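In the two complexes below, chain A is the common chain; its partner is chain B in one and chain C in the other.
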Partner chain A sequence: MYDAPASEQKVTQNTTKIAAHKVQVFYGDTHAIKDVDVQIEDKTVTAFIGPSGCGKSTFLRCLNRMNDTIDICRVEGDILLDGEDIYDAKVDPVQLRAKVGMVFQKPNPFPKSIYDNIAYGPRIHGLAKNKADLDEIVEKSLRRGAIWDEVKDRLHAPGTGLSGGQQQRLCIARAVATEPEVLLMDEPCSALDPIATGQVEELIDELRENYSVVIVTHSMQQAARVSQKTAFFHLGNLVEYGETGQIFTNPVDKRTESYITGRIG
Partner chain B sequence: MTDAATNPGAATPRKSSLLTLDDRTRRRNASEARFKAYGITAIAVALFFLIVLLFSILRSGLPAYTTTVADVEFTVTQAQYEEAESQLFKTKAYEQLFIAQLQDQLTESGMQVEFDAAAIERIMGKVGGNIREFYQANPDQLGQPVSFELSSSSRVDGYYKGRVTREGLQESRFLQLSDLDLVDALAEAGIIRQAFNWNFITGADSGVDNPGGAGIGASVVGSFFMMLVVLFLALPIGVAASIYLEEFAPKNRWTDLIEVNISNLAAVPSIVFGILGLAVFIQFMHLPQSAPLVGGLVLTLMTLPTIIISTRASLKAVPPSIRDAALGVGASKMQAVFHHVLPLAMPGILTGTIIGLAQALGETAPLLLIGMVGFVARGYPDGIAAGFVDPNSAMPAQIYTWAARADVAFYEKAWGGIIILLLFLMTMNIIAIILRRRFERRW
Partner chain C sequence: MPILWLVLIVLALGAVGYILGRQRAMASAGGDARHLHSLPSYYGSNVAIKAVVPALVLMVIWLLVQPVYINTHVSGMLSETAIPDNSSRGLVMSEVRRTAEGLSNAVNQGLMTEEFATSARADMADVTQRLKDAGQIVTSEVTQPIMRAAQEYRVLSSSLQLYMSIAVILLALLGAAWGLRESQKDFRARNTVEFSVRMLLIGAASIAILTTLGIVLSLVFNTIEFFRLYPAADFFFGLNWAPSFSGRGGSSDLGVLPLLWGTLYISIVALAVAVPIGLFAAIYLSEYASSRVRSVAKPMLEVLAGIPTIVYGLFALLTVGPMLLKVFGDEGLGIMQAGTAVMTAGLVMGIMLIPFVSSLSDDIINAVPQSMRDGSYGLGATKSETIKQVVMPAALPGIVGAVLLAASRAIGETMIVVLGAGAAARLSLNPFEAMTTVTAKIVSQLTGDADFASPEALVAFALGMTLFVITLGLNIFALFIVRKYREQYE
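Entry: the complex of A and B
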């Protein structure tokens, strides 16, 4: 699918999964995200692009409250997941993160077996009633992660012994094992070679069937290949947000145009 | 940079050959070789001192593991027993029997030595009493040959170990020159010989006048109970404190202050902890003096900073991406720490703990202050609970006490004790290595 031009990609109208309203993020005194309003759709791949340091990761990490782990980080504004404010005092971030899974820039499998990598999430969330259940979840997740065939014979070998691309797909499989509704990916391919990148991109496209996927990428080609919606960030502002085809062929904002034509970077 | 110097301008053809070293490379290689030489020298010097140390420890300490004993085969008949029991000085009577038979045995081996009861007492102690006690306890042995192993006096022992020489001997009521002739004769007849000194390993401390009877066993037990206290207090407290400080505590002025203080505590001299223990645990809380429990508490205070510092370092060394991964699949902070971070930090934590324990095991000064001095270790505690609260000493304090005693025979005991202490330390280090390997392989 990733050789299809962006403009030809099928655009469907989906319901809003995540709605952010006037989000501000501060790291101490640094104002990293300014007034961001965005509606992320269900069963859609949304790409965040922009020059490095513009706040893509910061905003992504707001969506599952991973920013809570940074002491100096402060988030203002509302972020609604299915209409519920995820920064509400009553929300336990642990419960939120089971619904909003995350894949990181650098593949970070647990230093455990492949099986345990996948089984860990379902175990702590009590998703499997017995061993057979768990085995099934592991197999299903590894299949969704498009890595089952490569690892089915060595489920009990260390996950850290896989190649970089395999590790990243393992991490994606681990993220989907907890049955999330949203999958956040922070530059999931930046540590991978082109072939592994291709595999992961294909996988992302398949994941769209079941999840709302948000992917941060510094590669505009990648955004064009995998996403239906694109958000362009610049210096902490959300400059432009729209259909991927439109952003890449007919950007409204001058800055977006400069960026995609290579003048800001 | 090097290229620029030797090969300016890309257009000019290469002037220097790869087959000859240029000056800069030669200088660089020379300095590298010099650095390696320094390193090797440093290691050689360290090894040399280590070998000297080990050699002198073994040379001075090994004699503590042998002792001089007199093996005498000896028979007392029923009639002799009854006659001896009917006399006024009963032990004297047994001694006479013993001397008579010893004389016979010597003559049999073809030796003519004159000796009296006093000489025998100087060499083997009060044999008469020992023999009487034996036959009173085992009357069925009367009439049969019985082999007695009598330990010889520490001066005779010293004669074999070179502490006592014929030339340097000052005749006294403890040993006379003629006794040495008798000792030589007895040795030639195979009656006096060297034996392994089990008592040194299993025994307790003896009085200042009996170096031969001194053993380190009781204080090993004291050390063991202290280490139990340290392990079961310092490890959980230290690890819990480190996990809290490292993973949960907010970073603010208070935690900074705590951090600085922990680092400072690690550098506080151990005697300060000793006097603190004396004031708090004994004078204020009225815990028993000289008890391994108190020693363990004091050493726990001393070990905690070491454990906390090394545990925090190994927690810090766990890559943050592992925490992110766990939080990312919806683990709580505590699950992330206990399921993922802690297992990875385990080898470091164990190493730190065992180093802390080893430090505590070798600590003397604080023990002296709370009364765990060597002469307290006069026997084994009778039970687990008593092991914690009964007065006892510990290995290093026992060694210190021996080294400080006037009789040179104790000096050898001190060195012998050091060998035992080092064996324990080595065992602990080996355990640390094994545990580290195991946990690392399990990743």
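Entry: the complex of A and C
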């Protein structure tokens, strides 16, 4: 189905972070993901694009086992993180999610103060030795989330009182605070205005230095702006996966071309 | 004419009016409903409403005013000498009413002719005897003034009844005629009917509000009356509750504190049982239980809420009390004297409150958005960490509201207390002693045969008022908190 063009192998210098092999996902009787094989690289932004309902979110949620929280969801196949099967019985999904963080489509700050929102992850994972340490983690995370300057004077105000764009950056800072290795983002900008979107995109570009970032997006411009690799999903199949530039300028599959030029969507 | 017949006649007039109005409107449109402003049924309804509603309203008002009028009129007939020293005008008037009713019933049973009932004034002993034979109990011998007043009472009420029937039927006919005159094709019958419907709904809402107001006012007036007879400071700060029914005046101690303490103590025990169990049950149901377990367990828990409190009372009296007595009584730890105690009532009331707390909390926990939980799981939190640190804090205001509602239920509960906690009003810390509550004492103050004007009976209103203020405060506070919580996610 997916034939990697020869040119792609050359550019790939980064190591593989996540490798998925023959992944199938079922919601009850619905076959939502069919035979997906994909290799996600370290220190790279990978974009998942495709029409609504094609299974982008479903596949993304497989990568940190968030689908475990849905009763009727069943995952088959192998997903390896650093060579280890994350669906192995030995793996604790809770620890996995500390390593593979997630940012959701709708900003979902906890009804707590800004400080406590950020400190939540470090506290439950015991990342801070003492209060000063925790303060430092909070400040560092908020700076990485590009929101420190806006909230530094009201760290103890509720996180729900921020604007939508600020809330989403708070959620990104919150995810960053637990020091994940991979950051999954499900349409993180769909509820944001263009200015906030720009800020979040800039942030994603910076995060690439330390993390492997996977972002689901509806906007092809966004995928083109922030990602190095792009995967195109259609009806539960991974149709095409490759360098972002190549997918957008010279797609191999006819379906990819139609989607990019706006004929299916 | 009996009221039932009158109502039926008015309704029949309305029904006839409906049919006629409909026909007349159709005729005015030449038999084609499309030329009418409104559907034909609206014209019919308009006539029916105009016939029935004013007539019935008149009837209700008349029925409310008539007894007042008769009372003042007849009571004016009674001279001061007709009232015995140890009695009051009110008591004599109720005797007059009883006698009048007795006469009417005796006539209905054929034991007296109508003439005899209206004219008999010679032999009071004979009248009394006849009334007694008719099964109309008359306490002592009917006296001459009372008999005369009773006869006047009968005459007045039957003639007024007749006038009323005439007036009501006339009004119904007038209304129907007015409605029929309106039934022309351009008349906006639909809007008129719509207006009536709105009035009906407003009426229903106002009745509910006015009734509440009436209840509060009657409480307030009687409470004021009570404080005229008994010092307010002694009531609110008195440490002793010892009403005496025999000696009138002065000798009763009516301090509310022992009762409030009993109420509070039993409620606290009840909440100490209901809140943890109810809350944990709610957490299990909303976060851990599979949907199959939930669909069975939740209704089962809610069945508890449908059990009448008297059944809980029996459970306290016959099962929980003796069981506690076995452990804490003389054969066990020796700190409990009898089965009726604060503990008994508190435990059983707690069981009664479990579904309140669990069902409300379950709804509130479910209202916490899934995205909140996802956010927490996404950071690598476990289920119980998520519940403890994200779901519970988010749901807390709502849960506090649920607990406060349960508390006001506990404070108002009577039956369980009467059967489970005993009747002794005392200030004590021992939960295995019998105590009693405000509500239980209201019942016992009013069920005795005390004079309703004595402080011993009027205190019930002051107690009711106190309770009302406390539960109202709690409910307002609870609603305020619940509402504040709702706004958070909308």
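Here is the rule we go by: the second predicted complex is superposed on the first by the 253 of 265 C-alpha atoms of A that agree within 3 Å, B and C clash if a C-alpha of one lies under 4 Å from a C-alpha of the other, contacts with A are read in each partner's own complex, and residues count from 1 in each chain.
By definition in this document, a contact is a pair of C-beta atoms (placed from the backbone, for glycine too) under 8 Å apart; a residue touches a chain by one contact, two chains touch by 3 or more.
Treat the numbers as computed from the prediction; the structure is a model and nothing was measured.
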Which of chain B and chain C A:D71 touches, first, second, both or neither: both
Chain B versus chain C as contact partner of A:A175, first or second or both or neither: both
First (chain B), second (chain C), both or neither touched by A:M102: both
Contacts on chain A seen with chain B and repeated with chain C across the two complexes: 64, 66, 69, 71, 94-95, 97-98, 101-104, 106, 108-112, 120-121, 124-125, 160, 171, 174-175, 178
Touch list for chain C against partner chain A, complex: 290-291, 369, 371-382, 385, 389-390, 393-394, 488
Complex contacts: residues of chain A adjacent to chain C: 64, 66, 69, 71, 94-99, 101-104, 106, 108-112, 120-121, 124-125, 160, 171, 174-175, 178
Touching residues (chain side chain B, partner chain A) in the complex: 250-251, 319, 321-332, 335, 339-340, 344, 443
Residue ranges of chain A in contact with chain B within the complex: 64, 66, 69, 71, 94-95, 97-98, 101-104, 106, 108-112, 120-121, 124-125, 158, 160, 171, 174-175, 177-178
